[in-house]
Structures are given as structure tokens and as C-alpha cells.
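Two complexes are shown next, each including chain A; its partner changes from chain B in the first to chain C in the second.
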Partner chain A sequence: MSRAIPWAYLALMFGFIYLPVGALVLFSFQDGTLPVPPFEGPSLRWYADVLGDEDLTAALLNSLLVAVGSSAVAVTLGFLAAYGLARFVLPGAALLRALLIAPMTVSYLIVGLGLLIVIQRIGLPLSLLTAGIGHAVINLPLAFAIIYASMGGQQQNAERAARDLGAGEIAVLRLVTVPMLAPAILAAFFLSVTLSWDEFIVAFLLTRFDVTLPVEIWSMLRSGLSPRLNAIGSVVFLISVAAVVLAELLVFRRRR
Partner chain B sequence: MTAPVTIEAVTHRFGDFTALCDIRLDIAAGEYVTLLGPSGCGKTTLLSVLGGFVAPTEGRVLIGGADVTRLPPARRPTTTVFQDYALFPHMSLLDNVGFGLRMAGQDRRRRDATAREMLELVGLAHAARKRPHELSGGQRQRVALARALAVGPDVLLLDEPLGALDLALRRAMQDELKSIQRQVGTTFVHVTHDQEEAMAIADRIVVMNAGRIEDEGTPARIWRAPRTLFAAGFMGETNRIPARAGGAGLETPFGTVPWDGPRGDAVLCLRPDAVGTGPGALAIGPARVRDAAFFGTHTRAHLVPEAAPDLVLVAHLAPTELPEPGAVLTLSAATDPLTAFPTE
Partner chain C sequence: MTGTRAGWGFVAPALIWTLAFFVLPFAVMGAMSLATLDGRTLVWGLSLSNYAELAEKAYLWRAVVVSLEITLTVTALSVLLAYPLAWIIAYRVPERWQRLALLLAILPFWTSYVVRSYAWLLVLSREGVVNQALIGLGLTAEPVTLANTRLATVTGFVHFFVMLLTLTIYANLRQLSPNYRRAAMDLGANAVQTFRHVILPLTLPGIVTGAFLTFVLCIGDYITPQILGGNTELTVPQVIMVQLGRRADFPLASALALVLMALVTLAYLAGARWLRVDRL
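Then we have the complex of A and B:
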């Protein structure tokens, strides 16, 4: 009896987390026009519909582009900031660290509005580039925090040994620091990609003609419920899962 | 490859703290020197000055006659074996050992060949493809040594290289370090706080304290006739007998021994193995045994001499003697060479 309680709790917890996703995926196979019970199907007609929709597939590719591009920028900048702050004695280092991490506490809406004002003031047209800049801004503090936290004495000693053996600064970074920090760097990258992938507010404020997938979905939502939305949602979910699995294979397996 | 090292009047300050004070030292090519001292004595700072990790506030460092004082580590003919080994965890042993040669621009085939030779030298040729985390502490130590030797440095610096190993392994590695040094002929400078380790491997020991050199010389010379009271105490246990230097020599509670040191208060140092029941130049006289314990090669006893009841002497007696507490022994001490220092 007492052994059953933890299992029941586990089942309830996972049910709570995955039931909405399960329902979404189930009704994406609905062979009717409304994603509500009773379930009729299964059918792949909505997937065919979604993948045949040029606006949607364009938005999907835009989202991938923005996610990968902005994450690469955020992780590169975050790594350089972490390396500088961890390896060199700088005046006001504690303040610099705090300033780098502080944006994490600011809501995306405020960050997005601020960026919108700045971008319009300097006359940059709203586009995927501006959305990418927005995502780099919101992901930089996270990338910095993850990479900075994993910089320890071990790498520092290995870097010192590399210099002792004749390595220049570029060689030290390329052959010692980055490979030793690869798990943290990849973790930061994949987390940035998944956050950027389903970020809505900043992308909504900072794009105009070419939009990312969440923005496209939002505009479709205005025309009411349809199993089409479930199909898109399932595709989005599948891609997120793929990113997580890739991260697991590339990052966490290797660490063991 | 090998080269002599000259340290000319090196002083180094960290803010107000003087870590090294006017250090002057000549190390011959191919010599095995240990820097011995308690933590905070400046020995690691001196090693860092040799390796180029610390630029001294004053003074010069010459290696093979060339002034290297302002050269960065990468451009010095030195390499370092670090206390925590600092191996590259993401590389195989072969790549770890070949790293310095890779930095020197050697192609893979040549550097792999040299790296294999070096792994052979330290007995790890069979593990060339392994990663550092698959090795034991002693094996990692050997890889660090092979990596530092692979580039053919003139001077190898070792920073407490055996500090993380257990005692038995440490003793085994000492012998191995010494034999490797004999094979490669490189000048070794080895930092340690363990005087047994220093005696086991060094051609010459440099005893340091509070940023200064207290004594330097062969292990036997420093053990038998240390130049300072600190060196006498740090090299091993010693009985300190308060004494007074007068016209007739050194007046101790046990009699007067000839001494030509300055007059005034002094302290006579007697090693426990110099105190015994056999004949000796200084007759301590009857002493009561407080306790005694068998140590294999000797019996260690605490004794209270009747001539100076407020002193407790430590003596290493023959292993066949095991006196009962309370027994009275007649002691004498060998005083050649006489080790005594004036006290301020």
C-alpha cells in the first residue's frame, strides 16, 4: 500500500504535465474539422495541410534560422564575457557580472518594448534580424550564467599548463578552454535554441513581414480552433524534443 | 637537453608582503635540486619565477646564460609539472604528451613518435589511447612528467609533484623521478615540504624560510651540520639544549664542549640518533626513562636527564633495547660535528 502512493503520485504528476500535450497530439490526427472529442480518425490530412502551407513552412524555417543564429551569437558573447570575467581581474567585476545577469529578471515584454523603441529610433527596419537581436539579448544572460558557473580552477590550471608548453592565447582558447567547456557551451546553446524557438512576445514586437512560427500561429488562432493548429503544435513539439534528445546525446552522455 | 640556472638577487613582493628576499642561487646543468620549506616560505613563488608565471619585483633569472626574467612561460626553456597535474581531460594520453610538440609545429607522425617514447619512459606506453580520468593518481603524475619532458626542456620544474599521492606510492615515485632524471640529464628543480622526500632525491637541498634561503647543500651536510637553527629543526627532529658560550667553550647542563662561536646564550642541537647509551664526547649522565616505543629500526625513548630535570630528551636507542619506564640509563651524545647556534 505504502509503495503504491509514490507511484500514484508519479503517475499523477506526469499526467498533469503531459496530458495537454497528449491531447494536442491526439487531436492533430482528427479526421474532422474541430479538435474536440469524439476522436475520429486517425488521419494525416492536417499534417498534409500544414506542410503544404507555404506561409507556415516559411515561418518554421524563419524560426529555425532565428533560433540557431541568435543562440550562436548569445553563446559566443556569453562565453567571451565569462572568460574575461573568470580569468582577468577587472575593476568592478562584481558589478559587471550583476549587470550581465540582471536582464534575466526583466520581463520579455519590457525587453521587447525597449528594443522596439531603440530599433525604431536608429531606423533599422523590423525583420528577422531584429527578432534575432532580441533573442540574443534575452538569451545572453542565461548563456553567460551557465558558462561562467562551469569555469573553474581545473580549466585555469590546464590553460596555464598549455601556455607553459608553448601555446599562444588563441591556441589555448581553441584547444583547451573551449573543448573543456564544451558541455556547458552546448547546454547553453540548446537551451537558447529551445527558448528562442517558442518565444512569442519579443518576436511579435520585432518582426513585420517575415515572422517566426509562434507569431504565425498566433495570427492563425484569430480565425478559431482547427486540428491544423494541433498539427503545427505537434510539429513544434517534435522539433523541441529533437533538440532535447540531441543535447542529451551530445552533452550529457559524454559527461558520464 | 640541460642548462644551468642562475638566480641573481631576486626579490618579490605581493603588495606589502615580501615573498622572496634577495634570493641568490646557482644551479648546475643536470643537477637535481629541491626547494624545501614550510608552506608560505616562498618556495613555490621561486619556482613560479623560474617558470615565468611570476615576474620578480627585482633581480634576474638566467637560464643557460640567457636572461629570461621577462620572458613568458611559453618562450622559456622550462616546463612545469603542476601539483594537480593539469592534464587536458579531453585528450588522449598521446595527445596530452604531444601537446607541446604540436605547439612547436611538429606534424602528427613525428610528435606521436616522441610522445610514445616519453610514455614508454614513464611506463605507460600501453595506455596511450586512454583519457586522463581512466588513470590512477600515480599514473596521472607520470603523464604530467612525460608531457613536460616531451618538449625537451633545459630545466624541469616540479611543484610538489608527489603531494597528492599516498605514502608508499610517493616513496616509489621518488626513486622513479630520480632515475628518470639520470636518464634524461635535464636540470630538475623540485619543490616540496617533505624533508624525507628532499633527502631521497636531491643532489642538493635548498632550505627556505620566510622568503630567504636558510641553508643549501647536500642532504648529508644539511642533516649533520645545518647552518641555521631553522634548517636544523626543519630537516628532522632535534633536541635543543639551552647553553651558554663562554671562554672555555659551550657550557651545557652536561658539561662544557669546545666551541668557537660567539659568546652569549646559545642552543645546542642533538639529533635523537646522536644520543645513546654508548660512548660519546658529551656525557649526559644518568637519565630516567619516561616512555619508550619500538620503531623497527630503532627504539624511540623520552628521557629526563638528572643533570637538567626540566628537559626531556628524545633518543633513538638500539632496537634491541626496550627500557621500562622509570629505568635509569647512562647517556652520552656524539657532538661531531657540533651543531650549536647563538640565540638573540
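Then we have the complex of A and C:
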């Protein structure tokens, strides 16, 4: 009897974890206009509806653009800073590391609010660019921390050997450091893309006319429950899962 | 010396980025919290009136209390539910299935944040799955109000953080050498004693770190209470957004944001003994 308890608990928790996702996906195939029981269908009409919606597809492309752009900035800056701090003796290095990590400890809402105030003071228009800046701010600490943590002595020896053989600083970076750190850099990039892709509050505060997907979904929510929301939610879930699986295959398989 | 200069060259872009887009906005926000609104015009100054308002106006103070109550409930419930789950995956599930079990346990973590809250609204609504099940089982004749309550907010939060904490606690449990458990068992400790005196103390830093992360993310979140809690009671982030929207009261919003930061700092100090920020 007591042997069954752990398995019962496991089943119960999996039920809890999958209840909302299950309902989301199931009722995205609803044939009626309300995503609640009884289930009628399956029907693909809401998927057709969603994929034909220009606002939604535009928002989806905006989200991809912001995610990839801001992650590229965050990973590039994070990599350079990690290299500088791991390979050179700098005065105040501990303070610098703390400063670079600091945005991670502050709520996204506060990061977004601060940026919004400054942007309005300067008189800059709110756009995908300002949202991208916000996302790069929140993803830079993460990218830096991941890449910094994986800079070990092993690469340093290879870098020294390359320098001894006459490679310049840039060549060492391009031909030795980056390829050896590729798993960490890719991991940082994918994590950054997934976080930005999903981020709402900063994007909500820092965009106006062109919005990202979470912001567009947010404005759809005002009209209440609808199978359209289920369909777009399921599509977003599928894309995120694909990104995670891709990251798993690309980054973690390589280590074996 | 040239080495140091080259080092600065590598660090400079990230440093300038952080100073320009994080430190500067933060400082401006601090100054903003000391400014006042005269009608619609902003008057810079060194006034503490925004902070005084917090003490004077009941709805502001109430938001702080609601935020703390929700966050503490969510943190405690999430740890209590996630620990056994991580334990079962780490010690009961056969080795070859562990990675899959863990992956499945946290897969819905990757649903969009907004969508996940919406999905709970769907499940908890009057005609939703839970109410249909309750009626079907004969537990209630009329649908129960589940959505737009604090219960719904807490459920949505706990769902998210159970997945996050299962991941961190699992990683912690796997790092422990099995020898500790074996040694305790050999010395005659039963399962409960082994847990209390060996496993729990060793995993405490990981638990506190995860709980702190939960606290920070939960208390600063706007979406979950906004979608699931209805507008019956407001949390601090919701009140901040109200100031930004309808009233454009940036000074008060800034002061509230700093209050939020102060709460996080207090939580950090409370857990500092066990916290390993480098493991976050």
C-alpha cells in the first residue's frame, strides 16, 4: 500500500501540471464558440481563423524579430564581458560582475518602468526597438553568467597555444574561444530567445503600435474566453516546445 | 598594463549598456519617486509625499499586504508540493526514465506566461472543466465561483513555481552523494530520520535559493493576478500599472516600485544565511 503512495502522488501532480495545457489544446479543436465542455469537434476552424489573422501573424513575426535581435545583442555583449573578466586581471572585477548580474535581481516590471520613464523624458517613440533594448537588458545578465561560468582553464591553455603560434587577439577569439564555448553560447542564446519570446510586461510598457505576440494575446483576452485564444496559445506552446527540444538536441547532445 | 586595457575593451560594451539602460533608468526612477504632480505637470524635488501617501491611503497599504500574503502562501505551497515530486523523480523513478520524467514535469513551463494564466481561467470558469467535474461527481449542484478569486491567482502561481522548484530541487538531490543516505541507513536511521537529519539540511541552501527566486518572481508579477484574480483585490504591480495607465502618476508608480524592491531586499536578508546567489 505505502509503496503505491509515491506513484499516486506523481500521477496527481502530473494531472495538476497538465490540466490547464490539456484543456487549452483540447478546446482549441472545439467546433463551437465557447472553449468549455462539452467538447464538440474536432475542428480546425479556429486554427484557420488564427493563421488568417493579419494582426496575429504580424505580432508573431515582431516577437521573433525582437527575440532574435535582443538575444544576439545580449549574447554578444555577455560573451565579450565574460572573456574580459575571465582572462584579464581588472581592478574592481568583483564589483563589475555584481553590476552586470544586478538586473537579474530586479522585477521585469521595475526594469520596464525605469526605461519607460527615461525614454519618455528623451522623447524617443516607443517601438519594437525600445522593447528589444528592454529585453537585451534583462537577458544580458543571464547570457553573461552562463558563458562566464563555462570559461575554464582548458580553453585558456588552447588560447595560449594559439597565441604562441602567432595568432592575433581577434583570431584567437574567432578560431579558438568561440568554437570551444559554442555549447554555452548557444545555450545562452536559446534561453534568451525563449525568455524574450514569452516576455510580456516590458514589451507591454515599451511598445505602442507594433506589438509582440504576448501583448497582442493580452489585448485579445479582453473579449473573454474564445477558442481563438486556445488555438493561438497552442501554436505558441508548440513553437516554445520545438525551441526547447532543438536546444536540447543541439546543445546537450553534443556534450556526450 | 596593455593587458588591463584590452580587458576593459572587452568589458566596456556590456558595462556601458548596463549603465545606460539599467543604472541610469533606475536612478531616474529614484529621483522620480521624490517628485510630485501638480495637476498634470511634473515637479522635480525632494518630496517624500509619495511615500507618505502609502501610509495614508488604505488601498495602497492594502496592496502591499495582499501582495505579501499571496507571495508567502505561494512560496510555501510550491516548496511543499515540489519537494516530494522532485524526491520521487530523483529516488523512486528508475534511472533511465528520470530525464524523461523531469522533462515532462516541466514541459508546460514553456507555455507562454499569458497563455498559461488564460488556460487556468478556462479550467476554473463557471462552465469550465473543474466545475463540470464537481457537478458530475455530485459534489455541488451549482457551479462554484473559482475564477476571479485569490484562490485562482494562487493556483496559477503555484502551478508555475512547482515546475520551477521541482527542477531546482531535483538538481540539488542528484548532486548529493548516495553515500550519505547509505551511511545514515547503515547507522540505523530510518527513512524519516535520514530525511530530517541528513537530506533536508544538505538540500536547504537549494530550497532557500529556489524559494527566494519564487518570492522575487511572484511579488513582481502583474499578469497572473490581473488575469486570474479579477479586480476584487489588487497587488502592488497591479496598483503600479493603474498609476501608469489612467492617472499617468509616474512619481507614485516609482515610489511603489521602490517599495517592491525593498520587500525583495528584506526577503533576501531573511534568507541570506542559506542563499547561494551564484547558483541562481
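Observations
By our rule, the second predicted complex is superposed on the first by the 245 of 256 C-alpha atoms of A that agree within 3 Å, B and C clash if a C-alpha of one lies under 4 Å from a C-alpha of the other, contacts with A are read in each partner's own complex, and residues count from 1 in each chain.
As a convention for this text, a residue touches a chain if its C-beta (ideal position, glycine included) is under 8 Å from a C-beta of that chain, and two chains touch if they have at least 3 such contacts.
Here the structure is a predicted model, which means the values were calculated and not measured.
Partners chain B and chain C fit side by side in the overlay (superposition on chain A).
Looking at the shared chain after the overlay, A:V176 reaches chain B, while chain C stays out of its contact range. Chain A has more of its residues touched by C than by the other of chain B and chain C. Once the two complexes are overlaid on the shared chain, A:G166 sits against chain B while remaining clear of chain C.
Here the vertex is the CA centre of chain A, and the angle it makes with the centres of chain B and chain C is 100 degrees, a multiple of 10.
Residue contacts after overlaying the shared chain place A:A184 against neither chain B nor chain C. Contacts of A:M151 after superposition: neither chain B nor chain C is touched. Here's the short version: in the overlay, chain B gets within 12 Å of chain C at its closest Cα pair.
The residues of chain A shared by its contacts with chain B and with chain C come to none at all. For chain C in complex with chain A, the touching residues are 3-4, 6-11, 13-15, 17-18, 21-26, 28-29, 32, 81, 84-85, 88-89, 92-93, 104-105, 107-108, 110-116, 118-123, 125, 127-129, 132, 159, 162-163, 216-217, 219-223, 227, 237, 240, 244, 250, 253-254, 257, 260-261, 264, 268, 277, 280. Residues 154, 157-158, 160-168, 171, 175-176, 179-180, 182 of chain A are the ones that touch chain B when the two sit in their complex.
On the chain A side of its complex with chain C, the touching residues are 6-7, 9-10, 13-14, 16-21, 23-24, 27, 34-37, 73, 76-78, 80-81, 83-85, 87-91, 96, 99-100, 102-111, 113-118, 121, 133-134, 136-137, 140, 144, 169, 194, 197-201, 205, 213-214, 217-218, 221, 225, 229-230, 232-233, 236-237, 240-241, 243-244.
Within the complex, the chain B residues that touch chain A are 51-53, 72-75, 78-80, 82, 84, 86-90, 99-100, 103-104, 147-148, 151.
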